[in-house]
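The two complexes that follow have chain A in common; it is paired with chain B in the first and with chain C in the second.
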Partner chain A sequence: MEEKKIEVKMKRKWGMAVDLDKCTGCGKCSVACNQENNMPIFEDDSDVPKRVAFLELMKVTNDRDAKFPDVKTAYLPKMCQQCEGNDSGKHKAEPPCVSVCPAVATDVGDDGVVSQVWSRCIGCRYCQTACPYEARAFNWWKPEYDGSFKKSLNTDVSVASRGTIVKCTFCSHIWKRERDKAAAKGILDINEVFYTPACVGTCPTGAMVFGDLNDPNSEVSKLANSDRAMRLTNVIDDVKDAEKKKALLNKKQFPNPKVYYLTSQSWLRDMMRFKKNS
Partner chain B sequence: MKKIERKDFLKLGGGAVLGGLSGWVFSGAPFLGFQWLAEWTQDQYVPVKGFEKYAQAVSDSCPAGCKVSVRMIGERAVKIESKEGVCPSCQNALQLTYHPERISTPLKRKGDKGDGKFVPVSWDEAIKEISAKMNSLIAEGKANSIAAINKNESLNGQMMEKLIRSAGSNNVYYEPSLKSLTSSALGGYIKYDFKNTDYVLSFGAKLVEGWDSSSDMQKVFTDWKAKGTKIVQADTVCSMTASLAAEWVPVKPGTEAVLAFGIANYLITGKRLNSSGEEFGKWSQLIINKFPLAKVASYTGVSEDRIKKIGDDFSKAKNPVAVAGKGAYGVSASSAEIIAVYCLNTLVKSSSATLMKNSAVSYTSEFAGLDSFIKSGNFSMLFLNNSDPVYKSVLGEDLKKKMEKAFVVSINPIMNDSANYADIILPSLSFLETATPENQAVVVNFKESKDAKEIIIALSKAVDKTKNTFAFSNGIDSFKISGKESASGARFSFNVDKIKSEFDALDKKFAGNAEYPLFMIPVEAPLVGDGDGLAFPYVLKSIDPTVFYREKLLVQINRETGKKYGLSEDESIVIKSERGKLSKVYVHLTDTVAPDTVAIPLGFGHESYTVYGSEKGVNPKKIMAADVDPLTGTADWWSTRVKIS
Partner chain C sequence: MEMLKKIFKACYDGIFEGTSKNMRIALYVLFGLTALFIIFAIQILFWGLGYTDMDNNFTWGAWIIGDLGLVGLGGGAFTTGYILYIFRVDKLRPIINSTVLIGFMCYLFTFVFLLFDLGQPLRCWFGFAYPNWGKGVYPASMLTEVFFCLSFYFCILIVELIPVILEHKVLIKNKYIAAIAHYMHLLMWTMAAGGTFLSFFHQGSLGGGMWGALYAKPVWYSHSFFYMAIVAAMAGGTSFMTLIPYIAGKIMNKQYVPMETFQLLARISGFIFIFYFIFRLYDLYMYTFVNAPMGGREFFDMWGGYYGAWMLVLELLLFAGPLVLLNIKKFREQEKFMVLGLACAVGAIVTSKLSVLLHGFAAPNFPWKGFTAYMPTIQEWSITLGCFAVMILIYMAFVKWFPLFPHLEHDEHDAHH
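Showing the complex of A and B:
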């Protein structure tokens, strides 16, 4: 009996769009992420340097430049920006963290998800230094789950050990879970399978949208291409001249993230670019 | 005997070392050593595997009745998901259900009150002791000295109300909420029809941060965004609602009510708008005479022209609605404010604000509200139904003293500041452990803890007078008696004479005070709210470092004000009010708050709210204004005159 081989070419490139004009800062994405990804529980998690979390609910204001009452506040849920990098000729397109990892603990898949395998990590923290978004956390202490808190742990995400780097993986274990479910139903084409990360699934205002950036008709693609979309401190996005942009991309590496933030508030756009006067 | 050469000696020695080494290697000892090293550095807990399934649950402990889908691995609940949105306490239900400090058996106080020393007792013993006390009080004719404080109007709150009333007491209170406060001020709580409104005028109500029902409001906000509903927010801090609103009207701290008077004044005198109801005439005379626009402008810092402009926009909108209530979870208790804002709705004949009542919750008790009860009430026996008035009320210290003299029963799943002063603690469940008519319980009861509804039924059966209060013994049957909502029919009929003195108090408060030149107002961090969230570590994980950071509670002060007082970032200050002082607070200079304002986060400074929630920051309620409003019976603590040093 000859086994039938199924050739499936990956079509997907997962990406996210976060509409900051719709975000109310309720923090549900943060709780959902912590619960889904078995975040360690310390007695005082307000101790930020010690805190291990994949999603940071950043409170941002323009109070440095503006005076009361011309100020604004926003919450910016910041997770791993899932960089793509760019092919500069000398160097292939890779996220900044992947090229520095000596242990292949972090890699980028054909679905665009930048993975992190904690059990492979040797704790050199090169990736944490390379990450432009401070999206990676280091387990300085052994992740603890006091007593019965252990009962709420998710089996799909392994508990990290001390001395390893952890980060958001777009909840790619949920994609695996969904693929397994589909396969059990006889659907073997992975491109048929969709999933929603925990943070997006819990967003009550629909500010977070997740989907396939390769599909021009997906909601996330439309949002990513809208005028309100921008990416966190990805300087190449500011270069409007196509020729200059091409030349720069051939010379330099840029993070090129797959998380898009949408806002029409100019102060917030400036803040995300670390620039004034857009 | 052959003499051993030096060379042979070295060979032999070398051989012995080699042999020893190879023996050690083959013994496996070094490998074991590596294993230990690996275990020491890599010992990971492996979550217990099991089959995945989804279970449905409806919350019976929050007033919104959140519907959730729970991801189960075997018998363990591992994730709360919801398509319809959940409130923060329901989203944290996993960390409550599996909290390592859950109370596992009924507890009886051993040491002095407040010591936190308890010994386990059996359910029978506990119920017997409580019912004996109740029976003797009823027999002595002191039934009215049995009191209860409910956390909210959920089913077990309604049942507690029923039990206490059938015991012959009129002392049932709810922790102040938008519903309870508006009911006492207006004769009904307001049901807003936000779907059909096109102009929302909010007087500091933190509409998107948790005001009223957080899960509903998130949906309403999405709907407003899609439809382009105009939100106008009067606020002292740049809250999320202010930031997302089309228009932010910055007001001086605590003057939202005055702004509402000003707008009403303009609508009545300038636009000739009128409202019906027997007390309207009296009310309008009061605000017209006492709050002319010029005075309103000076108190609020909003110009007369802008007040007129807001009045014009508000009255010209197709279906405008004005909203009061201020906080996300903490609520402003000023009846003058609630009435003033409701008055605006009646002036423009808004169809989006209807007064409602609940058949099982009366909100009328011996005293007008919880704080007037704490201040002037006397009780021999007090039930705390999941409530934490010691922490949440500004009169918490007074309540402590009264609780020391009374027999206190607390029904709650984890320890809190009030339960620490109880004589008996009865452990109740999280909503994941309770069954509803639609669904079975998601996880089994934690040890000996029981459903609060069943605890209340068991108590009623054990007391002679209340034996027949409930015709069933099962918690699930109690859903049959759940209160129904209907229009209250109340009109502009509140007692204006009763709050006349409040107007003078407002004058006194805002006219200037050399000794206490600043105002302290509360702000609330996401998920923390007014303190319920702090026992849950995943809430602590989300706190922004500009709010609370490594044991330091930061208060927000405007840069200009900071310069005036020579404050620098992260500096420790002492805040003093007429009621006392707060030390161990630190400065965060930011222009997101109005000048001459100290914005202090609520929800911190618990005394005994598990290891995660206790001893973190300070509780500002301790020094906040404690003037009890005559209609709501609740202290109006929203703005407090303070000085800093």
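Showing the complex of A and C:
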């Protein structure tokens, strides 16, 4: 008897929108992320460039030497932007980090989440070099969990060994957990109500919104399409002329991330585009 | 214990007997560096890369500079081999064994550096077991290509090196070994051709394509970088292959290679340098006016303004050496100018590799971040310099005990009889 093949086409494309005007910089997202994803605590965690963290809360200032009335500050939570690249017909769409991995330790799923297999990673750090968002972290030291901290480890997330790359996966273990629960009831597709990354779930001001970018009615889609939305480093967004855009995409691939930052502050928008402060 | 003492004494005598005082000091320094290399290698391999100054922004450091430099300069091996075996320029015969040995060591230590750079050295075979192939045999990852190409070419260099070892005066007395060595020499052109074919790929991929493929980083993204690295390897590599035997000859106070051979290789290097220079100018033009603006950045901004561009200025100044001194016959025929030209050529290649890495990683990804500094730690210095020390020691050992310059041995034999 021929086995009937059930094809479940993924309808979701997970994305995030962060309203920088709403963000107070409280850092709860960062704490929640560390807790959820078993981030190690090192003896000297002031060594920021070697710290292992998926979510970095960046402080953005217009000018370090500015005096009181002119000084402007914003906080920007930066996690993996889950790039997908552009499919222009000439080249296959691929995130900057995925095509470079020599051991296929990282891949992008059909729901758009860039995954990383820690036990497959050889630690060459080529993906880290390729990432324009500094979103990947390397375990420079052996991850350690002291004392009672060990008891609070999340069993859904594997602890990485020293010398491997780790990264934010939009808490995809939560998706797996919730999907399995739903599948037991016969539901094969779950929405953002069931699946929410830890950082979004904990944001007290509602600055972070998570959802399905393929669904035009979802909150995240509406925010992503608003005039206030911007994507880091993805300069192709600024090209409005359709012809020019197409020509540029044929020439070169752009990261095409799925995290949108919203702000109406012009100085912040300029800064995000490497423009000199106005 | 007595036995150990005897062995140690025999080794000591074997190495230091009949050496001058200067030579002995040099050997002590080299052995000292090797000892440091071993100590810190153990530390890095067992306790991890935390002891380096690399971090999440500056992901590669001193060792990748070693890799890029060694592979770039080791490229002289395939160029020289190709010119000798395929174009049949027999004047290069005296230098070929030395060239093959240098090429072999450059590639061997590229592997060593790469191994240190891996966070999980025990998983290095994953690169072969789970390669990231794209369509057909075209690799998606440049590192996959480097893994395979480098390994194949390394095998070729081993085959090319075997006759040098077989022709050792003790071994060659066995008629079977002599026959094997003889026929290997005759068939060496196949290896030279294969080596050139493979070299073209990994010279391009490790030297340039690896960086050019990073499309999200406007500091590196470039279409022409891959091809430029091949030309750079041919230009700088031939200079390097001339310089090393020359220096060895000076130190050991012996004319190993006829001046004629040096002159010819220097001329070849200078000639290829013209193309490399034009290519480099085109590359800079493309970066400044096409590639960087496409990524929404200004190229010279990423150098940290005009101050940070000193490396670029240095590189362009060093270009003058090979372009003028190696191409104009009047200068080239004077030994001191020739050596200066060769040194500048090697310097230009090394500087270009340095600047690719240092300025590439230092440039901030976000405007609110500053330039990243990188200062190698003692561990990184020791392993890098230690590797070079071991290379020099191996070369010296070959000069002393193996027929690296066979034409000399024949002359000596003739003189004895």
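Basically, the second predicted complex is superposed on the first by the 255 of 278 C-alpha atoms of A that agree within 3 Å, B and C clash if a C-alpha of one lies under 4 Å from a C-alpha of the other, contacts with A are read in each partner's own complex, and residues count from 1 in each chain.
Just so it is clear, a residue touches a chain if its C-beta (ideal position, glycine included) is under 8 Å from a C-beta of that chain, and two chains touch if they have at least 3 such contacts.
Only a predicted model underlies this, so the values are computations on that prediction, with no experimental measurement involved.
After superposition onto chain A, the modelled positions of chain B and chain C are compatible, with room for both.
Of the two partner chains, chain B is the only one that A:57 touches; chain C does not reach it. Looking at the shared chain after the overlay, A:45 reaches chain B, while chain C stays out of its contact range. Of the two partner chains placed by the overlay, chain B and chain C both lie in contact with A:161. Contacts of A:109 after superposition on the shared chain: neither chain B nor chain C is touched.
Draw one line from the C-alpha centre of chain A to that of chain B and another to that of chain C; the angle between them is 110°, to the nearest 10.
Shared-chain residue A:204: touches chain B; no touch with chain C. Applying the stated contact rule after C-alpha superposition, one finds that A:146 touches chain B and leaves chain C untouched.
Shortest separation of chain B and chain C in the overlay equals 6 Å (C-alpha atoms, whole Å). Shared contact residues of chain A, touching chain B in one structure and chain C in the other: 47, 51, 58-59, 61, 142, 161-163. For chain A in complex with chain C, the residues that touch the partner chain are 47, 49-51, 58-61, 83, 96, 99-105, 120-126, 128-134, 136-142, 161-165, 232-233, 235, 238, 248, 251-255, 271-274. Note for the complex: chain C touches chain A at residues 48-50, 54-60, 117-120, 123-124, 126-127, 130-132, 134, 140-144, 146-147, 210, 213-217, 221, 294-297, 301, 361, 365-368, 372.
Residue ranges of chain A in contact with chain B, taken from their complex: 21-22, 24-28, 30-32, 34-36, 38-39, 41-48, 51, 53, 57-59, 61, 63, 66-69, 71-75, 119, 142-143, 145-155, 158-163, 198, 201-202, 204-206. Residue ranges on chain B touching chain A, taken from their complex, read 41-50, 73, 76-82, 85-86, 88, 91-92, 94-95, 97-100, 102, 208-210, 214-215, 218-219, 221-222, 225, 238-240, 242-244, 248, 250, 526-527, 537-551, 558-560, 590-595, 611-612, 616.
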